[in-house]
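Structure first, commentary second.
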Amino acid sequence: MSAAIEVEGLEVSFPDGRWRVSILDGVDFRVEAGEVLALVGESGCGKSMTALGCMRLIPKPGRIDRGRVLLDGRELLELPVPAMRQVRGAEISMIFQEPMTSLSPVVTVGTQVVEAIRLHEKISVSAARKRVADLFARVGIPDPAERLDAYPHQLSGGLKQRVMIAMALCTQPRVLIADEPTTALDVTIQAQILELMRELQRETGTAILLITHDLGIVNELADRVAVMYAGRIVEEATRHELFRQPRHPYTQGLLRSMPALVAPGEPLHEIAGTVPPPSDWPAGCRFVDRCPRAFDPCAGPAPDFQMLGRGHSAACHALAAEPGE
Amino acid sequence: MSEAPLLAIEGLRTWFPIRKGLLRRVVGHVRAVDGVDLEVEAGKTTALVGESGCGKTTVGRSILRLEEPREGRILYRGRDLASLDPAELHPYRQKLQIVFQDPMASLNPRLRVRDVLAEGMHSFGIGGGGSEQTDRIAEMLRRVRLDPDSMWRYPHEFSGGQRQRIGIARALAVEPELLICDESVSALDVSIQAQILNLLGELQDEMGLAYLFITHDLSVVRYLADEVAVMYLGEIVERGPTARIFEEPRHPYTQGLLSAVPSVDPDRRHQAVRVLGDVPSPSAPPPGCRFHTRCPEFMERCRSEAPTLLPVAGGEARCFLVE
Amino acid sequence: MAPHVLSNAIVLLLLVAAGFALRFVRGNRMWRDALAQLWRRRRGSLLVIVAFLLVGLLDSVAWTGGQGQDALAAHEARTVIDRLFQGDREASYSAPLADAAFYGGDPLAAPGGHWLGTDILGRDVLHRTLKGARVALMIGGLTSLIAIPLALLFGISAGYFGRRIDDAIFFLISTLASIPSLLLLIALIMALGKGTWQVCLALGITSWVGLCRVTRGETLKLRELDYVQAARALGVSHGRILVRHILPNLMHLVIITFVLMFSQLVLSEAILAYLGIGVDGSWGEMIDQARNELSREPIIWWNIAAAGSAMFTLLLAVNYVGDSLRDILDPRTLRETP
Amino acid sequence: MLAFVVRRLLFGVAVVLGVLGILFVLFFQVASPDDIARRALGEKARPDSIEQWKANHGYDRPLWPWQDFEDNLLFHHYSTMLSFDFGASDVDGAPISQRIREGAGPSLALTVPAFAFGLGLAVLLGLFVAFFRETYIDTTGVFLCVLGMSVSILLYIIAGQYLVGKMLRWFPISGFDADPAVLLRFLALPVLISVLSGVGSDVRFYRTVFVEETGRDYVRTARSKGAGEVRVMIRHVLRNSLIPILTRVVLAIPFLFTGSLLLESFFGIPGLGSLTIDAISQNDFATLRVMVFVLSMLFIIGQIATDISYALVDPRVRLE
Amino acid sequence: MRQVWVAAALVGSLCVLAVGCNNNPYPEHDAELKVLYSAFSTPHRSLDPAEAYNVSAHRVTGLVYDTLLEYHFLKRPYTLIPGLAKQVPTAEPLEDGRVRYRFTLRPGVNFAPDPCFELGGAGRVTREATMEDVAYQLMRLADPALNVQVRDQFSNIQGFKQFHRALIERRGADPAFAALPAREQYAALGGVEGVRIEHPHALEITLHSPYPQILYWFAMEFTTPVAWEAVEYYDGEAGRERYADHPVGTGPFGIDVYDKRSRIVLDRNPHWYGLADPRAPGAHYPEEGAPGDAEAGLLDAAYVGRPLPFLDRVEFRLEKEGIPLFNKFLQGYYDSGGIIKESFDQVVQSERLSPEMAAREIRLQKAVSPGIFNLGFNMEDETLGVPAGDRGRKLRQAMSLAVDSEKWIELFLNGRGLPAQTPIPPVISGAPEGYLNPYRQVDLDRARALLVEAGYPDGIDPATGAPLKLTFDAYEVSSQSRPERQYFVDEWRKLGINVELSSTTYNEFQEKVDRGAYQIYFWGWSADYPDPENFLFLLSCAMRKSTTGGPNSANFCHPGFESLFNQMEVMEDGPERRAIIREMVAILEQERPWIEIFNGVGYSLAHGWLANVKPFGMSYPMTKYLDIDPVKRARVRLSWNEPVVWPVFAIAGMFVVGIIPGFRTFFRERQ
């Protein structure tokens, strides 16, 4: 059985002066139907770019250099433009971080969702509106029929994000990409949205690629977790395993620097230094300059993934040097 | 309490007028801060927690008189700052400083780090001039763990975390006693946030600073604060020692807030959603208890009657349930 | 003091100021980066502008003495450009690089010496065109000398202090902006009289409004920024905040507006020249003088071509640099002002 | 909404009063009635006829209220202007309001098509260039725009008349006619020149607006829904760009009435632009004064209209 | 969507093709009628015959208003012939120095039809003109309410000034009187004493002192019969035009369309007296002319003796700029035109029409015009004028010697001018013949010698040690005319005098005049009538700008010159008078208040289809003598104006070719 979506060796680069700087460097992952994969990392690590790469929406002047994106085994990167357009929104949908700006401010939200339906289905406007009203009710928008004619600015952030979710789900896509869906929201609203996503995912069985920097949200929603650092995935594991037994030094550092996991009064773990900009990424292991366990091989070629158990793998020379399990 | 707190706020109200109509008459107010009492003790950390729009930032800015409070007293070591005119206020500004959220916007891009730091020193006549000042600035930079040579560089040459350190150094350069940290770590990545939090902790130990920590991030509060005040729609709804608030929250809002925080314990997930709906507009706060529109424990009485802060163990809570 | 001494002094002053500015830019990484980026993107345009500036400066350095084309010349202060390009005066038109007069074919005093030919009075067109560069730069320079301080003063006070001051200044701006600028310009010149200073003053009065608006709006934004608030929390005085925090952060707007304004000013002057109230010796005047020459037979094209393309080249370079500056210095603020 | 409109109108009235004040200073204080009379009467006029002329035109009043509170030029200026009693031309005594009525038609006949074609072309080209952003078409387009902006309108007119009128003989070189069939021929060239000379800066402006909008999040949303590029440009980008476009367009409308000073003058179109030019060249201060006043009024009305029209296009703007 | 665009583009280009490829500025019907197309450059201020006083307005009013006397079409020097009058009157000296002239009006002189005549009786559209109408117009000239620029010239008529003053006083004193129609006011005051109507067709004009030039004024529209109905009807009220915009006269043409800012159309006057009386001197083509006219084809048997006018209609179009006007002339859309100086070379080569133009059957006409352009010195100036005494005179003489007007004429007029020697143009009878002004022949050596005598060796002012600095005020100078003034500055540079060209607005110049703060100016004067007096008065004391505001901007006031002028003014042309004029010229020669520059020579072009063109010089339109071959004109125009279409396709093609690769890369990149 093929995965709902499978990404292999995705490479994306942007021009910087005379050179092209690679900001995704061979990203691989797969999300099975009905599964939630969380892509975690700090800002600038390329997780949003990965999402856009799956949609083939890398903003210019960036471009996909290599790699494959398979949707149910179908190679999306080879599709002609009109066919890809039919895939977007119909088979893969996306929710964005900023519900405030992700909706066109001068068009009613109902019309925007109707457009999403009518781009993929031959259906009358009134029928589409009816369907949108139902969807609105399903994503927990009060007074759905009236809200159809509301403009985005008349809705709160939480409601806007619900509209975005409705828009993403209106065509019953195989894959939903949620890029920081709750980052801009207050914690009480965030809880509501997470609850909603959980529910919908259970009902529809959609595969979700969840992109976030918040390990709490990962814990709430994800089945499996992939940790990204500087354009690469460094560790992948099930949720439980990752929290309990992080193996990559970066993942370990990340978890130990969270105030929620440290007792008050005790110092937090610090990862030395800062994430370098893409133009300064080290040639081998990207974490080498900040890694407490760095040793000679780390400056050499990039480490390969080590299988560390059921669905747990990490890319670290130090792990390779340890006796295998 | 035996000793007077370093800073005590009493009945602070800061409203913003809403002008409408032909003559731009004031037809109402956004009641950003509507009767807040708060205390910060020397060398301790008080956290002010709440969701966006609850007025917590305005409290911080009102203390510094960056917004003019409408009424209330801001007692710094017993002296009411709210009643002072600008000239009288000047010496007190040295004692109260602020660190902002956005490391991009809080530093003037046209000034070198050295000038950023020298500004406050110049204003209060600290550190003299020339090489003495330079030495002092270098010392400040070392203290926030930056290379003293970086004083010759411009803010945009630094990363977000480093900029935040410069912001802290700027505040510390005038030797304040109280630092208001307005969402100072919220915009940072976890690993950077850890660095700054550690730094703040160390500075408190070294210099005996008091912090008023304004944030929405409860995990940071729990890690850092001695006292917590929870704000909702311009009012403090609960106050108390950190441990008590987190273990035994008394106000339904506090309870909802805490339960909404996603847990990082892989064995505990699926938080209960207790607080529903959206925050009402602060220009027209609901009558009665301001939280009643979203409260899971809503009683008929809450609709018309506003609860006052009632004492609970080690603090206060604004709810009829604690009566 | 003789005018040319004053002019020389101003040139010296400008050079010193430019030196300081260059030192400042070199010392300040942000401006240095901006300049470097500009250089990378618009090398050609920058070189063109520098060349015109150089010509303008060379045409402002004058001294008396030396051999001129007539008795009077020896008593006049003549600029470097005059001395280099004036050459010998011809009787009337001659074509570029010709060695005989255009009409009648009499031999020229300076055969082949007039690269761009001569005009009806036998004056060297290249010389006049180069002198026009100084006039164009004067128009831009003097006008901005009037408009920019005015706009900054009013814009910053309106934006920073707000309330009553803002109301008054906003009213003033709105009133001035309501009068169609060309008509206001004409009315002002009719009232002030003709002449370079008067035209520049009128242009200054009509063009400060736009910059004032931009400054006011930007100051309103800056006033609320964290670093200004931090300065207030540090007890920094209003004056010092204005000078250290507000003004420097407006400078890029001023530069961009100025560069974009420059081409408008030169184009406006051309229209004024058509209406007979332009500045003596400007390209606008040359174009207006030369436009009827197009129907001579054979056609006299070099006058209008020289003035037209000089103006066009400078403006193209300025517009291009202005565009790039806008992208480099400020990706947002100025976008929506045309 | 109503309060906003009323307040906006009141401010507009205040600005009108301010404009009148500036006009008064410019046209009565700085240029004195003597100047006006001398100019109107011509070189052969004697001092006594100047006095007579001033008396005939009412310019013999004292200027300021403190000189004569009952009867002074300041009050007279305000009261006549505000009651739209524009009086007669200083030069030939013709009623100015009639002149303006007569001139409006020819001006509009030139400016409205020029404006409509110009707007349509600029928006189309702007969309086109923005659609191909960051390709050589975009670069070339921007270059051509800057090129077009760097040329004086004088050169456009001269070259237009020379090339199109004289060499290619497509259209009459200049002139005007009331007969619509003939009029079309006359207007073709000035309209063409007007469109060409303005299209550069317009296209560049619209391109900037469009490119800016294409970078916004909702455009990404639209693409992620599966909308094609053309649809994105027209349905989403264009729609959201309406506000800056509208500002530019509505503010340009008053200038439709002013006509184009230079074009009308060169092409002999008897509109308000050439009326203004004539007034300038003949020092007809009365007409110039009225023209400035009328145009300022139109401009102020245009601004108010812009503010109100925001609300119609942008649901976010509530007029408060 | 795409289809709509394509359709719109197609329709658009079709429209352009349908309307566009035709540069004819006129409706297509003008082949049948004899329509003369002509142009005017600025809207006329007034066409009221009492006010209209410039060349451009006279080209219209001259057709609408006939005058009692006219100039002969062909004869030179200018000769008066009877127009509406039966004969040219002679002066009758009366006792006490007064002079009387008697005019008799031709019978059957009618106004052009106009609705205004309903005022005199329902249903009337015209009426016969009488001497009452002439007298009415003479009284209007005295009316202070009208802007009459030549009022002084009529003040020799007995009682004229008194009538003027009486009008001012009564109107000021009596509002009821002021409210009456002007005609009734005039009647209430009893009219002008020196204007008596003996009979509807006989008018007596009495002058209180001799003024032989008065007859010329009766050849101008100032003295045309004016219908009171027209003046009262066209009052500018209730949608009616003002009389200044609606001329009604007895001339051969009447106003059909008057759109003052774009188009004026005149149609034949069906009631013109000449139609009934073609033998009247002004109503048929003359039998004799000046020498050379026969050779020029102006005495063609096809025209001689035939009744006038030949044209059906005259149409004027506004043409502000010279170049479009000339180009349209070349395209055949104007029948005749002056040559703008810039196009001169295109048309005229060594004084003759260029072969290209000749091939188009264009004809060239030249005529010296009775006008003068001169530089003037302010004689009240400390440095240049009388206060500087002999130094000043020598300086003026030197400066006069330095200015080469021949070259000026060649550069700026393409030779279309004569270097002026005296203020009086040579075409005026009475001008000194064969006189060469010694100070107007360029002689730089002499000029330098004079400068030494004046105390400015090599132009150095001993007071400052620097070159003498003077200011040349050029007002209302366009960029176009600036080089024309710059030329003089450059000439004086050769002497080492530093003259600064200061261009000012008219008002600034007036202020300088008021303060007496001007030194040198440039000025022109065009004759009202062909008499030396009309030029010499410009230098009389009575016309001084500084004291009287008159046109003597040089403020020249020389006792000897003045007494000679007073003698000359009242004399008839003859050897005696010419001798006096010689003397006056000699004074000017020495005193040099002016540097005479040139008398214009008008070159005008006419297309082959336009017959009977003879330039007149003064501003009297001779349009009624012109004839047109409209069929030929229509044919020729078509052949000259074939549009060139290929650039449209070239541009469109380039655009498409430029776009295609963009489309390809664009879609490839999106893949």
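Letters are used for the chains, namely A, B, C, D and E, taken in the order the chains are written, and counting of residues starts over at 1 for each.
One rule holds for everything that comes next: contacts are C-beta pairs under 8 Å (C-beta built on N, C-alpha and C of every residue); 3 or more make two chains touch, one makes a residue touch a chain.
What you see is a predicted model, and the numbers here were worked out from it, not measured in a lab.
Centrality by C-alpha centroid: the chain sitting nearest the overall protein C-alpha mean is D. Farthest chain from chain A, judged by C-alpha centroids: E.
When every pair of chains is scored by its C-beta contact pairs, the maximum goes to D-E.
Inter-chain centre distance (chain A to chain C, centres taken as mean C-alpha positions): 53 Å. Distance between chain D and chain E, defined via averaged C-alpha coordinates, is recorded as 35 Å.
Contact of a single residue of chain A with at least two other chains is seen at positions 60.
Residue numbers of chain C whose C-beta contacts span two or more other chains: 190, 274, 276, 284, 288, 291, 294.
Looking at chain E, one finds that residues 323, 327, 507, 669-670 touch two or more other chains.
By the touch criterion stated above, chain C contacts chain D in their complex at residues 171-172, 174-176, 178-180, 182-184, 186-188, 190-192, 263, 267, 270-271, 274-276, 284, 287-288, 291, 294, 304, 308, 311-312, 315-316, 319-320, 323, 335-336, 338. The touching residues of chain C, counted against chain E in their complex, run 70-72, 75-76, 91-92, 103, 119-121, 190, 193-194, 273-274, 276-278, 280, 284-286, 288-289, 291-298. Of all the residues in chain A, the ones that touch chain B in their complex are 42-43, 156, 158-159, 186-192, 194-195, 198, 213-217, 219-220, 239-240, 242-244, 253-255, 257-262, 264, 267-271, 274-275. Those residues of chain A that touch chain D in the shared complex are 55, 57, 59-61, 82, 85-90, 93-94, 96, 98, 101-107, 115-116, 119-120, 151, 153-154, 164, 167. Interface residues of chain E, counted against chain D in their complex, comprise 1, 16, 19-27, 42-46, 53, 144-145, 147, 149, 152, 168, 236, 242, 244-245, 259, 261-263, 317-321, 323-324, 327-328, 331, 333, 506-507, 510, 548-551, 641-645, 647, 658-659, 661-662, 665-666, 669-670.
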